[in-house]
Amino acid sequence: MRKPTRQRLAVLTGVLAGGLLLTACADDSGTSSASGDGGSCSPEDITLIGQVRNQTNPYEAAWLAGGDEFAESVGLEQQHLTYDGDSQRQQEQIRQALAGSGMECAVLNVLPNGDSDTAPIVAAADEAGAFLVTQWNKPADLNPWDGYDRWVSHITYDGEESGYLIAKALIEQMGGSGGIIALQGILDTSAAQDRFAGLQRALSEHPEVELLDEQTAGFDRAEALNVTRTLLTAHGEHVGGVWAANDDMALGAVQALEAAGITGVGVVGIDAVPEAIAAIEAGTMTATVSSDGPWQGAIGLAMGYCAATGELDVADVANDDRAFFAEQFLIDQTNAAEFAEPELNMDDFECGSLFDRATGPIG
Amino acid sequence: MSTDTAPEVARPSEAPRQPDGSSRVRRELVRFMPLIILAVLLVLLSLRNPDLLTQRSLTTMADSAAPLMVLAVGITVVILCGGIDLSIGALASFASVLTALWVPSMSGAVVVPVVLVCALAGVVQGWIHIAARVPSFIVTLGGMSLWTGLALAFSGASTVAVTDIAALRWAFTRIGGTVPSALVIALGVVVVLGAVMRFTPFGRWVASVGHAEPAARLAGLPVSMVKIAAFGVSGACAGLAGVLLVARTFSGAPTLGESLLLPAVAAVIVGGTAITGGHGGLFRTVVGALIVVLLRTGLSLIGVDAGFEPIFYGVLIIIAVSVTIDRSKVAVLK
Amino acid sequence: MSSPDTAQPRAADAAGPAPPLGPGPAASGGRLVWRPRGTDAVQTTASLAALVLMILVFSVLDAQFRSWDNVVAVVDAAAVLAVVTVGLTFVLLLGAIDLSVEGVIGACALTVALLVANSRTGLDLGVLGVAATVALGAAFGLLSGVLSTRLRIPSFLTTLGVYAIGLGVATILFSGERPIVEDPWLGDWASSRFLGFTIVSWVAAGAILVGWLIQRYTRVGRYAYAIGGAEDIARLSGVPVARYKTAAFAVAGAFYGLGAVMATSQLGSGVVQAGSGLNFSAIAAAVIGGTLLVGGRGGVLQSMIGVLVLTVLQNGLILAGVSPYAQQAVQGVIVVVAVAAATWPVRHRLGVVK
Amino acid sequence: MSDPVLSVEGLTKRYPGVTALDGMSFEVRPHEVVGLIGENGAGKSTLLKSLVGLVTPDAGTIRVRGEAVRLRGVAHAGSVGIGMVFQEQSLVPNLTVAENILLGAERSAVRGGIYRWRAMKTLAQEQLDKIGSRIDPGARTDTLTFAQRQMVEVAKVLTIEERITGEPVVLLDEPTSVLERDEIATLFAQIERLRRRASVVFVSHRLDEVLEVSDRVYVLRNGQVVAEVDPSAVDATDLHHLLIGRESGGSHYHDEAQRECDGAPVRLRVENLSTAGCTKVSFEVRAGEVVGVAGVQGSGREDVCRALFGAIRSSGGRVTLDDQPFRLGSPRSAVRSGVGYVPSERRTDGIIPPMSVAENLSMAHVGEVCSGPVLQVKRERGLVDHWVRRLGIKTPSPDTAIGTLSGGNQQKVVLARWMIDDDLRLLILDHPTRGLDVGAKSDVYALIRDLAAAGCAVLLLSDTLEEMIALSHRVVVMKDGEVVTTVETPKGAKPDPVVILEEMV
């Protein structure tokens, strides 16, 4: 028993070793350690790294695709890192990546797993001297202008505004009165909290709309399906609309409504994933908000690239542009078709127009 | 062949009295297999990305491995007793929240109460396991939910930032610019715990309970105490891991350490400790933790596509275990 | 693995001429290693009692809970977990464990979404696609089983590896774009109703029945009991243990595959995380019902009690307005209490609990 | 005379250091009941295991109906017509009787992997009918009594009848060792039935039974057949001499070493001890006294001993040790009070096989080799060396895994575990010589004598009355959970076992 097992193992190991070498994409970046004072990297020395949670949801997949497109436009390749929603793994990856050579010319476009993960990522990048752009999550008291000359910017979206926009769309569709159930995201994320605050602002403007119940479904489609099902039995025909903190949950709610045979209930979400846009076109969803994932994937790399090559002097960037809310778009049946096939406009990523989508400072 | 029925007969299947040369070599090989696997993986991965073999990269890896190592070393003690502790990830998260909440008032000394609280949490789980005779898998599965719930309640379901991070600087710095302090702490835990296991009867008791609990009980060993203590150690280690996590993320969060549970168990098994108890050791787990971290970070760094990465991880982990596991020491495979 | 030689390690010859005397080792209460007897029934009764008690409490607390609509909601919500737990039960009966559930379901969810009419591939295999998915699930189970028995690695780790592999396969199949299910037949599973319940619930009922039939009427099922009850004796009796262990894993995988199909029909598209949280829930459900981790105990129907306990608990806590995070803590406590309560009457006997 | 169904020629099996089978030859003819008797270590078990393929012999041939076979395992042995009823039962507890009977060989009860329960029950019932058992084939096996399970085993073995042409050979390994008198009678009746359709090999250490049931008896010693006897021509005493191969007698038990202890203080006083298996048991043991506890299956004597050690729960009673109240809590507290226990199941309850001799030896009194909490390896090494030498434990080194030693040496380590405690006050011996060969037994007896002479009180449960009487000062006889009488067994005036036997049943 033992011997054949060992032999089989040896073969397996061999095959695997070969496989590893093959599947690893062929970028043998001859990393000549660049003399890296802020912004003196020659373009070919720059390493572009995009890191998101995983490639198993359309939004983040689109993000990476956007990054790839930008990288291609400057003749580089983007290294993909995914950490499967695991904060520890995200930090391990970042530190390990930055432990390589030539990292003074690395550009990182990172989606931190949660607010708490931003600080260590910033610290690690700062220590390694890599150019960093973070998106979405950041604790309020940590800012790029506090002595970080290579943390170019933090981009996020006004979650309160997004929550408000879709709430308004929902209330409008309900005719200004009725009951709403809310599906919250993971409670300890600022995204979930801000978006819910937006819903509450909208509700305060419409006292005739009642919030029947709020439950968390953890940004998760399957969980949203179950929670919605339960809430539908609890509140029955009082439910006039479902407000969800992201599209995945909204789509779960749509399924629950369909399974319950209920029609005419509006459902809104955030993120503008293709399925949601399709649902809006089909009329099963009311509205969503787009942050433009491909743009996010590209803009972070573009900012870092411009800073690394020296075309953008980070010290000259106004504080308002180093941590800003980016423009977001409400998508409803009227404009859904336009967003069905998002396309990058490469002009957006010229070093001079990097901050065009900034709508204002965070706060 | 049981010796009962053939007096003065050695069990042929077990280690012969005078091991001949080749079998001794094989046994030594099995013993050092985890280290060999680590080296082989390192070399393989560095073929793709030579940067992995630099001193900076290696110390970074060791640094990343430190919290996992501490967690895994703790659960090793429980596994050696023949139990399992699924609560360590949740407990580490709970510890991170406590740490973040208590740093303002206690500064760096926070590690003491946090570790104590977590040790106590472990002891409580161990006690329930013993007193109610509920399998440890279930007790700690319940614990996993409970500690997460408590962490959420204590933190108000949000991230608790540590403003005075200097207080925890000691847990995340480089001694002399190169040696990660977290690694020193982790190895310190291993050395201290290892010394306790080696130089006091505790280690033997743990192994006895893991190998043959009825025999240990009938020899008058404090079986219940040993098991409870093992859960206490596991809890304490989870607490310390929580502190280490806070030091490197600058905040505590109710789900911070959750994702480290399965890698920690994998580290223990990859290190060659028998999941059925009795056979194994702490140093093996240290090597196991390094292997796991290498796979966790190394695969994406050499550019393995996101889809293939978990596949390689799964396959490599299975291969690693199939080589490191000492089948002669494992009676039943479940 | 114990060799046949050690199959009867406790043989204890008593030698020498003597009049009849001397109780043997397996005499009543003689053996110090306690083998529970009749605790299956105790456990089943206890978990049934827990279920009834819970239903009573929630019924008093909340009128909504008592409504027929809610009964339907509970059953519909339990469907996927039930099917997955049926599968897992076979692995637990062996005395093994399976941590691959979420990975296998992820891969199968994507597979079925890509095989039936969908937004990405031109395929429209319908029933065939579902069958292929179930087969894929079985293949994953087969992989777990083969790795466990042939490489002789604990199932704890092989299934952890297979979990990762499943996740990888799912990610590759996903490749950036979620396949939306456009097959009306599969879509109907989640939305059409028959006698008040969704088709998914009926599929689950059918799966439970099939599971029970497999457990009761096939070699795979009965040998799973034999292997879990006393693996060495089974081997001694000429049972090809490795083969039937592997088969039990494969059966389990097939049920995960079916669970993935059901989840996909409910979710309306192929979702990699379709199985998230199901693994530990299924283990907890099985154990609460009386399918203990030691193997050879409990069964499909007992596990279903556990599924209902968990589902009713979740449903009831939401209706009762308990905060979502307290729900998590309460669930953990309930699991421990349910198992402790069931073994309480016999807890004083000496025995090894791991 | 017909041709033998089974014949064994020159069967040899060597293990490192010992020859278990040394050119053994014998044969079994159709419809014959052949008795096999032998001391422990005579090779009975190795022989039986060779016959069902669990042990591969080094030399010699096994012929079934004249054809040489190489057996690969129990299932294979069954397919050529040899089945064995294991002493340690080989039934899966959580399956039904019917499934157990047909396990691995379901034939028409399983078609294409599908169970046909009715057919299965019918088939199982057929097997049960063969031996006239009225056990319900649908019952779960763990709900049966031990004796019933033994019947199921027999029925299970008989299934090989259907699988072969011709008649099977059924090996019965110590089938009576755990049966009550009336159950034994039933079994014998069934052996009579059995012989009509099979040949039977009956292995037992109870000479009278072997004589009663067998047509021919082989006496085994040192791996060889030393005699073939006709049961009608010999009595138990003759057999006994053949068996031992020398005059049995006092020296074996070291009678001369038995010390008087009449004046010694009472060490252990048990008053009205009750457990699940015994009620209101009272007796005393003096320092230096060896007290045997006799009783049949179910007499509750195991319960008494285990309750005294805290291994099972007691429901009432008062126990004093040297006139101090002694709380029956856990083995741990018992050990701390100076009580030791040598379990009957050595491999599972006595030793920890993968751990070293040294660790196994010092485990109960590890304080002896510690300074504070710190292990003193040197001191332990010295202590272990001392005891290894003193008890003549044969081990390559103290670091050797104890599981690789022979049973006798393992048992010596277990005894040494308690003897290193200078303050050992009471030692409970639960079948201490089970599975040991003659030499090892004698060594153990000497150790028990030494212990008693040193003033330790000893409570002894024994496999044989003879052994118990020889070693004890007094024998407490139990029946149905109660003490029925106490028999004095002083040196030089040992009573006949029959005296005690009559009280037991």
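A, B, C and D are the chain letters, set down in written order, and residue numbers restart from 1 in every chain.
Keep this in mind: a residue touches a chain if its C-beta (ideal position, glycine included) is under 8 Å from a C-beta of that chain, and two chains touch if they have at least 3 such contacts.
The structure displayed is predicted, hence computed values, not measured ones.
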Those chains which touch chain C and also touch chain A: B
Most distant chain from chain B by Cα centroid: D
Centroid distance [mean C-alpha coordinates] between chain D and chain B, Å: 42
Euclidean distance of C-alpha centroids - chain A vs chain B, Å: 33
Length of the line joining the C-alpha centres of chain B and chain C, rounded to whole Å: 27
Chain centre separation (chain A, chain D; CA means) in Å: 70
Residue list for chain A, restricted to those that touch at least two other chains: 5, 9, 54-55, 187
Of all residues in chain C, the ones touching two or more other chains: 5, 8-13, 32-33, 151-152, 171, 174-175, 325, 350
Touching two or more other chains - residues of chain B: 1-2, 4-5, 152, 157, 214, 217-218, 305-310, 312, 315, 322, 327
Complete list of chain pairs which touch one another: A-B, A-C, B-C, B-D, C-D
Complex contacts: residues of chain C adjacent to chain D: 4-5, 7-33, 35, 37-38, 40, 216-220, 222, 225-226, 228-230, 233-234, 236-239, 296-297, 348, 350
Residue ranges of chain B touching chain A (in the complex, touch as defined): 40, 44-45, 47-49, 51-52, 54, 56-57, 59-61, 63-64, 67-68, 152, 155, 157-159, 161, 163, 245, 248-257, 259-260, 293, 296-298, 300-310, 312, 315-316, 319, 322-323, 327
Of all residues in chain D, those that touch chain C in their complex: 39-41, 44-45, 49, 54-55, 73-75, 78, 86-95, 99, 103-106, 110, 113-115, 117, 142-143, 146, 174, 176-178, 181, 184, 205-208, 236, 239-240, 243, 276-277, 294-299, 301-303, 306, 311-313, 343-345, 347-349, 431, 434-436, 462-467, 497-498, 501, 504
Complex contact set, residues of chain C against chain A: 64, 67, 69-70, 72-73, 76-77, 106, 119, 150-152, 170-171, 174-178, 180, 190-191, 193, 198, 263, 266-269, 271-274, 276-277, 314-315, 318-319, 324-325
Chain D partner contacts - residues on chain B that touch it in the complex: 1-12, 14-18, 198-201, 204, 207-208, 211-212, 214-223, 278-279, 329
